[in-house]
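Structure below; questions to follow.
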C-alpha cells in the first residue's frame, strides 16, 4: 500500500541519515529519499484520483481528495526544497556557518519533519493528528536554532514555547472532542477516528464542541500563525536556514490549517450554526491586516516574507471561514499557490542573501546585474505572491475577493487596504534589491534555481489553466469542507 | 447661388480693402481727441505701400516658418472676414465655419504669429509671444462665451442664422446680450492690442506685447502683418455689429437692401471707430499683470451672460 | 453558431505577438535581428489589428470561448463595435509607433533590447486582450498583464533611481485600481456568482449597488487613466519610459481605461443615474484644467506632454459625464453627440499624442536632453522631426482644420444644445463647464506654443545642439503615418462619425445624425451648426496662394540677411531667450495657489547665472502624504505587538483563549 | 458505596492538584518548583490509578504507570541534574508579584468552574466534578508560564499544563485511547530532551537561563 511507503520512506530516511552522518553525498541521499517520497505520494494520489477516498489499516489512515492533494503538495515541495538545499547547504558550510554534525542533524530532522507532516495529513485519528503535529514542531525546533546564534536560539525558544503551549490547548480541545464522541461512539480507539466522528457529527454535543473548537482553533491556529498568535512565526522563519523557512511557510502552515479545517467540519456539523466560520473569518481578516501593516516596517527580507505568509494564511482562513463552494475552492487553490510561490521566493531569497552576505534588504542591491536569474526569479516570485496575474495567486484572490464582495461586503475595505499596503511595502522593498546598481560578489557555486522556475512555471500555468482532474479534485475537497 | 458666391467674394474683398481705412479713421479720431494734428485717413495705405517697396531684411537663421507666417496670418484674417456678415447675410462659405471655427481661425493666426516671434530667438520676440499667449488664453474662452450667449439665443452657431434671428425676427430685449457686449468690448481691445491692454504705438519693452512679436519683420512681411492687423480690427468691429446691432444687414436674397446695408455699415463703422478712439483716449494702459484680471472679468461677464440667459430667457 | 472570423484573427494576432515576445527573448545576443525583424513584424500585427477593428465595426460582432482560464470560468472573448473601435485606435497608433521604434531602438544594447521587445509585445497583446475580454477573469488578467509589462517597460532604464520610483508608483496605483475593479466585478455579478459579462448584463442591481459598482469602476479606471487626484503616477511614469513606450502608454493605454468605463457604465450596468454623470463631468473638468495648467509650467518636455495627456483624459471624461447626464435624462440624440465627441477625441489623442511623444523621442535621441532649458533651434538641425511635430502640436492645440479641433467642436456643440434638462442645476452647471473646456483648449494652445517654440525655434541654448542629427527613415515613416492620421481625421470628420455610428448604436441605441453630407459636418441640423474642414482648408490654401502670387507680382523680392535687430541690442545671445520656466511664469503667477514652487535663484555675482523654478502639484502633499503617514503610524502601532518578550506573547494567546471562551458561551 | 469513598479520594486528590498548582504559582525557588511538580505528577498518577481500579478501565493503569515513570521519577531527576549542572537554583522574582498572581489565579479558577459546569453535568463519568479542577489547573499553569521570566520555570509550567490535560482526560472520559496517550507521552519525553539540549545551548550562548536575554528579536 502506497500510504505505508509515503510514511515509511521519510522516517527511514531520517534514521538512515542520522546514522550515515554528513558524508559528502548526504545532500544527494536526502534528495533521493524526498524523491522516493514524492513517487510514493504520486502513486497514492493516482490511486485516490482513480478510486476516490480510501481507508487503510482498519481505519487508522484515511485519505480523501482533501488531504491527498496536500500530501502531493507536501511531497513535491519537500523534494524541490531538498534539491535547493543541496548547493545552499554546501555554500553555508563553505562559509563556515555550519559543521558536519549540524548538517547530519539537519538532514535527519528534515526527513523526520516531512514524515511527521505526512502522518498528520494522512492519519484518521484526531489524537494521532495532534501527536504528529507536535512531532513536526519538535523536529524543526533544533533546525531553527541550527546556526546556534543568539538570535536563532531565541527564535527557536519562542517557537518551541509558543507552539508547545498552543498545541497543549489543541490537546485539550481533542480531549473535549473525545469526551463528546465517546458518548456517541463509546469509549475506545474508534471514538477519535475522524471518519466515525464525521458520520455522527450531528449527534455530538454542541456546547462541548463549540468549547472544543475554541481550544482547537487557538491551538492549531498558533501553528497556522493567525494573529495575534503569530508572534513565533517571523522569528522562526527569519533565523532558521532558508530551506527550513521554505518548508515551514510552504508546508507546516498548510498542515496546521488542515487540522483546523478537519475540526471545523465536525463542529459545523454539530452546531449547525456558522460560529466556526465566523471565528475563522475574524482571525483571517485580523491576520491579513496586522501582517500587512507589519510587513511595511521590515528590514530583513526573510522576516518580511514570513509576515507575507501570515497574510496569505489569513486570506486562506478567511476564505474557508466564508465557506461555500467557491470560497473553499479558492481557499484550497490559494493554499497550493502560496506554498509553491512562497517556497520559490525563499529559494531565490536564500541565494540572494548568500551572495550579499546579509539578510538586511539594504545590503542586497541590483541582483539583476550580478545574478540575473536570481534577480528575475525574485522579481517574478514577488509579483506572483502579490497577486498579479497571470500568476495563479491572482486566480484564487480573484475568487476570494469577488465572493467576499457580494457575501460580506463589510470585509472588503479591510482586504483592499491590506492588499494595497502589502503591495506597496513588499514591492517597494524588493524593487531596489532586484534593480539598480550593485557591487555584490558572485556566488562560488552555481545556484540551483531549477526548483524556482519549476514552481513559478506551475504557478503561471495554474493561473491560466487548471487541468480538469485537478479542478475536480479541488471541487471534491471543497465539497468535503462543507461547500 | 452664383450671386451668393459673387456677394461672398465682393464682401470679402470689400472688407480687405476697407480695413486699413477703419484703422486710419480710428487713428484720426484719436489724434483729434488728443488735440494732435491728425494724419490723413489714408495713412495706413501709405504705410503698407511703403513697406511693400522696401527690401526685406531677415535674420540669418530665420527658419521657413518665419517667412511663411505672415501669409498664414493674412490668409486667416481674410477667411474670418469671409465668414462675418457685414452687408449681406447669405454667405455660401459661412457654413464651412461657424463661430467656434472663427475663434479657431483667430487662434491659428495667433499661434503662428507667436511661433514666428520665437523663431529668431530674440529676447523681445519670446517675451512678446509669451505675453500674447497669456492674454489669449483668457480672451479666447471669453470670446467663445460671448458667441455662446448669442448662439443660445438663436439656437445656432452659424453667424448668418444668428444675425437673421437678431435682426429680422421680432424685436426682443436680451439682457444677456448686455453682459456679452461688455465682455466683447473688453476682449476685442485685448485681441486687437489696443489700450488699455496693449498700446499699438509704443515700442517700450516693459509694456509692448504685439509689437514685440513683429520686431524682426520688415518690408513685405511687415506689410502683410500690418494689413492683417487692420483686417482683424475690421473683423472684430463687424462681429460686434453683427452680434449687437445687426439691423440693416441685408437679408438673404434681397439685393434691393444692399445699398442701404452698405450705408448702414459705413455709419456703424464710423461710430464704432470714434467710440473706440474715445475709450482709448480716456483710459490708461494697465500693467501687464493687471491684464489677466481685466480679461478674467471679461470671461466672468461672458459666463454671467450665459447664466442670465438660462435664468431669464429660457 | 458560425465562428466569428475577425475575432479569430484578433486572437491569432495576440498569439502572434506572444510568439514574437518569446522569439525576442531568444535573441538575447542578436540585437539587430530584434529591430530589423521582430519589431517590423510586430508593426504588421498592429496594422492587422486595426483591420480587425474595422471589421468589428462593420460586421456583426462574434464571441467564442478559449479553453484556458479558471475551471468554471474559461476565457470568453468577444468582438463588438466598441472593442472594434478601440482596436482601430490601438492598431493605428501602435503601427506608427512601432515603425518608429524600429529605428529608435537600433542603437540599444542587445540584452536589454531583447527584454524590451519581449515586454513591448506582451504589452500590445495585453491591451488587445483587454479590449476583447468578455468575462471578469480574462479582463483582469489582461488588464494586469498590460500594467505589469508596461511597468517593466517603464523601468527599462532602472539604473536611475527616479525611474525606479516612478515605476513603483505606477505599478502601485495600477494595482490598487485593479483591486477596486475586482470589487466592482464582485458587485456587478450580482449574487449568482457568474463572472461572464453576459451574466452581468442580465444582472438586476438596485440603484445603490449600481452606484457602488460605478464608483468602484470610476476609481479603478480613473487610476489607470490619470484622473485627478489619482494622476500622480502619470507625470512620473510616462516620461520615464522610452519614448515609443510613452507614446503607447499615453496614446493607447489610457484609452483602455476609457474603454473599460464605457463598457461598465453603458454595457454591463443596466441602470444609469444622472449624478454619476455630474460627478464624472466635474472630475473631468478638474482634471482637464489641472492637467493643462501644470503642463504649462513644466520644463521637462516629456513631463509636459504627460501632463497634457492628463488634460485630454479630462476632456474625454467630461464628455463621458455629459453622455451619462443626457442618457439618464432620456436625451438620446445629445448623448449620441457627446459620446461621438468623446470617442473622436480619444481617437485623435491617440494619434497626436503618439506623434508628439515620438517627436520628443527623436530630440532626446539626437541630443540626449529632456530639459527644455537646454534645447532650442532644432527646426534647422532636424526639419523632419520639427515640421511633423508641428502638425501634432497644432492638432493637440485644437487648431482648425486638424483633428483636435473637430472633437472639441463637437463637444462644445453639445454644451450649446443643453437647455431644457430635467435637473435645473445642470442647466446652471453646463455653461460653466463649457467655459472650463474652452479655457482648457486655449491653455493647450499656450502649452503647445511653449513646447514647440522652446524646443524647435529660437537659438540653440547649448553647444551640443550644433551637431544634432535628424531622425532616420523608420522614425520619419512612423511620424508621417501619425501626422497623416491627424490631418485626415481632421479633414473628413463626417466619414469618421459615420464609422463611429455602430458604437453609439451599441451602447445607447442612438446614433449621431449628420445633417450634412460627406463634406459638411452638421451634427444636429444644418441650421444649428456646420463645419467643413476640407472647404476650409481649400479656401485657406487658395487665399494663401493668391496672396503669395499677388505679393510676388507687386514686390521685387530682394532679401537681405542680417543679424537680428532686437531693438538694436547688440550682445544678443541664446541665453537671453525665454527659458521654459520663463515661458511658464505668467501661468505660474496666475495659478499660484495650486502649486508648490521650488526655486533656485541665481547668485548676483554668478557669471553664468542659473535659474530653476520647479512647480509640483500640491495634491501629493495634501492627499498622499497623509495617507502614507497614516500607514506608517498604523504599522508602528502594529509593531508594538511584536516587541520580543515571550511572556507577552503568552499573554496574547491566553487573552485570546479567554476572550473566545467568554465569547462562545 | 465503596465507589463513593474512592470518589471522595479522587476529589481529594483533585483538590490537592489544584493546591499544588497554586503552590507552584507562589514558589520562588526552582528546586522547590521541581519538587512540587513531582508531587503533582504523583497526585495525578494516584488519582488515575484509583479511577482505573474503581471503574475497571485497565488501560488507565498504563497511563498511571507512564505518569509515575515520566513525571515523578524521570523528569524531576533530570531537572535536578540540570539545576545542579547549570547551577541556577536561586530565588527568582516573577514578573507579577505573588499576591496579584494569586488573585488572578482565584479568578481563573472561578472562571474555569463556570466553564466546566455545563460539560461536567453531561459527563457520564464518576469523576465529572473534577473536570473543572483540571481546566483550572491548566489555566493556572498557563498563568505561571506567563509570570516566570526564567527558562526552567517556564518549562515546568508547560509540563504542569500537560499534567492538567492528563487529569482532564482522565476525569472527563477515563483517559484518551491508549495509542494517543502513548504518543503524547512520547512527545512530552522528546520535548523535554530537546529542551535539555536547548538549556545547554542557551546557557553557553547567554551564560544564563534568564529570558531577559531573549528579547532581541522584535520590531524596532
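Note that the chains take the letters A, B, C and D in the order they are written out, and that residue 1 is the start of every chain.
Quick note on the criterion: contacts are C-beta pairs under 8 Å (C-beta built on N, C-alpha and C of every residue); 3 or more make two chains touch, one makes a residue touch a chain.
Note that the structure is a prediction, hence the values are computed from the model and not measured.
Novice: Counting only C-alpha atoms to place each centre, which chain is farthest from chain D?
Specialist: Centre of mass proxy via C-alpha means gives B as farthest from chain D.
Novice: Please state whether A-D or B-C has more C-beta contact pairs across its interface.
Specialist: Most C-beta pairs in contact, of the two: B-C.
Novice: Counting only Cα atoms for the centres, state how far chain A is from chain D in Å.
Specialist: 31
Novice: Suppose each chain is reduced to the average of its Cα coordinates; what separation in Å results between chain B and chain C?
Specialist: Comparing mean C-alpha positions, chain C is 36 Å from chain B.
Novice: Taking the mean of the C-alpha atoms as each chain's centre, how many Å separate chain A from chain B?
Specialist: Computed value for the inter-centroid distance: 78 Å.
Novice: Using mean C-alpha positions as chain centres, tell me how far chain A is from chain C in Å, no decimals.
Specialist: The separation of the two C-alpha centroids amounts to 44 Å.
Novice: Where does chain A touch two or more other chains at once, residue-wise?
Specialist: Expected reply: 157-158, 161, 165, 211, 234, 294, 297.
Novice: Which positions in chain D are in touch with at least two other chains?
Specialist: 115, 142, 145, 154, 211, 214-217, 219
Novice: Pairs of chains that touch, anyone?
Specialist: Listed by label, chains in contact pair as A-C, A-D, B-C, C-D.
Novice: Could you pull out which chain C residues touch chain D in their complex?
Specialist: The contact residues of chain C facing chain D are 638-647, 650-651, 654, 657-658, 661, 665.
Novice: Which chain C residues qualify as touching chain B in the complex?
Specialist: It is residues 376-377, 379-380, 390, 394, 397-400, 405, 409, 412-413, 415-416, 419-420, 427-428, 431-432, 434-435, 438-439, 441-443, 445-446, 448-450, 452-454, 457-459, 520, 522, 526-532, 535-536, 539-540, 543-544, 547-548, 551, 554-555, 558-567, 569, 572, 574, 576-578, 582-583, 585-587, 589-590 of chain C that touch chain B.
Novice: For chain C, which residues count as touching chain A in their complex?
Specialist: 67-71, 136-137, 140-141, 143-145, 147-148, 155, 158-159, 161, 164, 167-168, 171-172, 175-176, 179-180, 182-183, 185-187, 189-191, 193, 195, 631-632, 634-639, 641-642, 646, 649-650, 652-653, 656-657, 660-661, 664
Novice: Along chain D, where are the residues that touch chain C in the complex?
Specialist: Spelled out, the residues of chain D in touch with chain C are 95, 111, 115, 142-143, 145-149, 154, 211, 214-220.
Novice: Could you please specify the touching residues of chain D with respect to chain A in the complex?
Specialist: Chain D reaches chain A through residues 57, 115, 118-119, 122-124, 135, 138, 142, 145, 151, 154, 158, 161-162, 165, 168-169, 172-174, 176-180, 183-184, 186-187, 190-191, 194-195, 197-198, 201-202, 205-206, 211, 213-217, 219.
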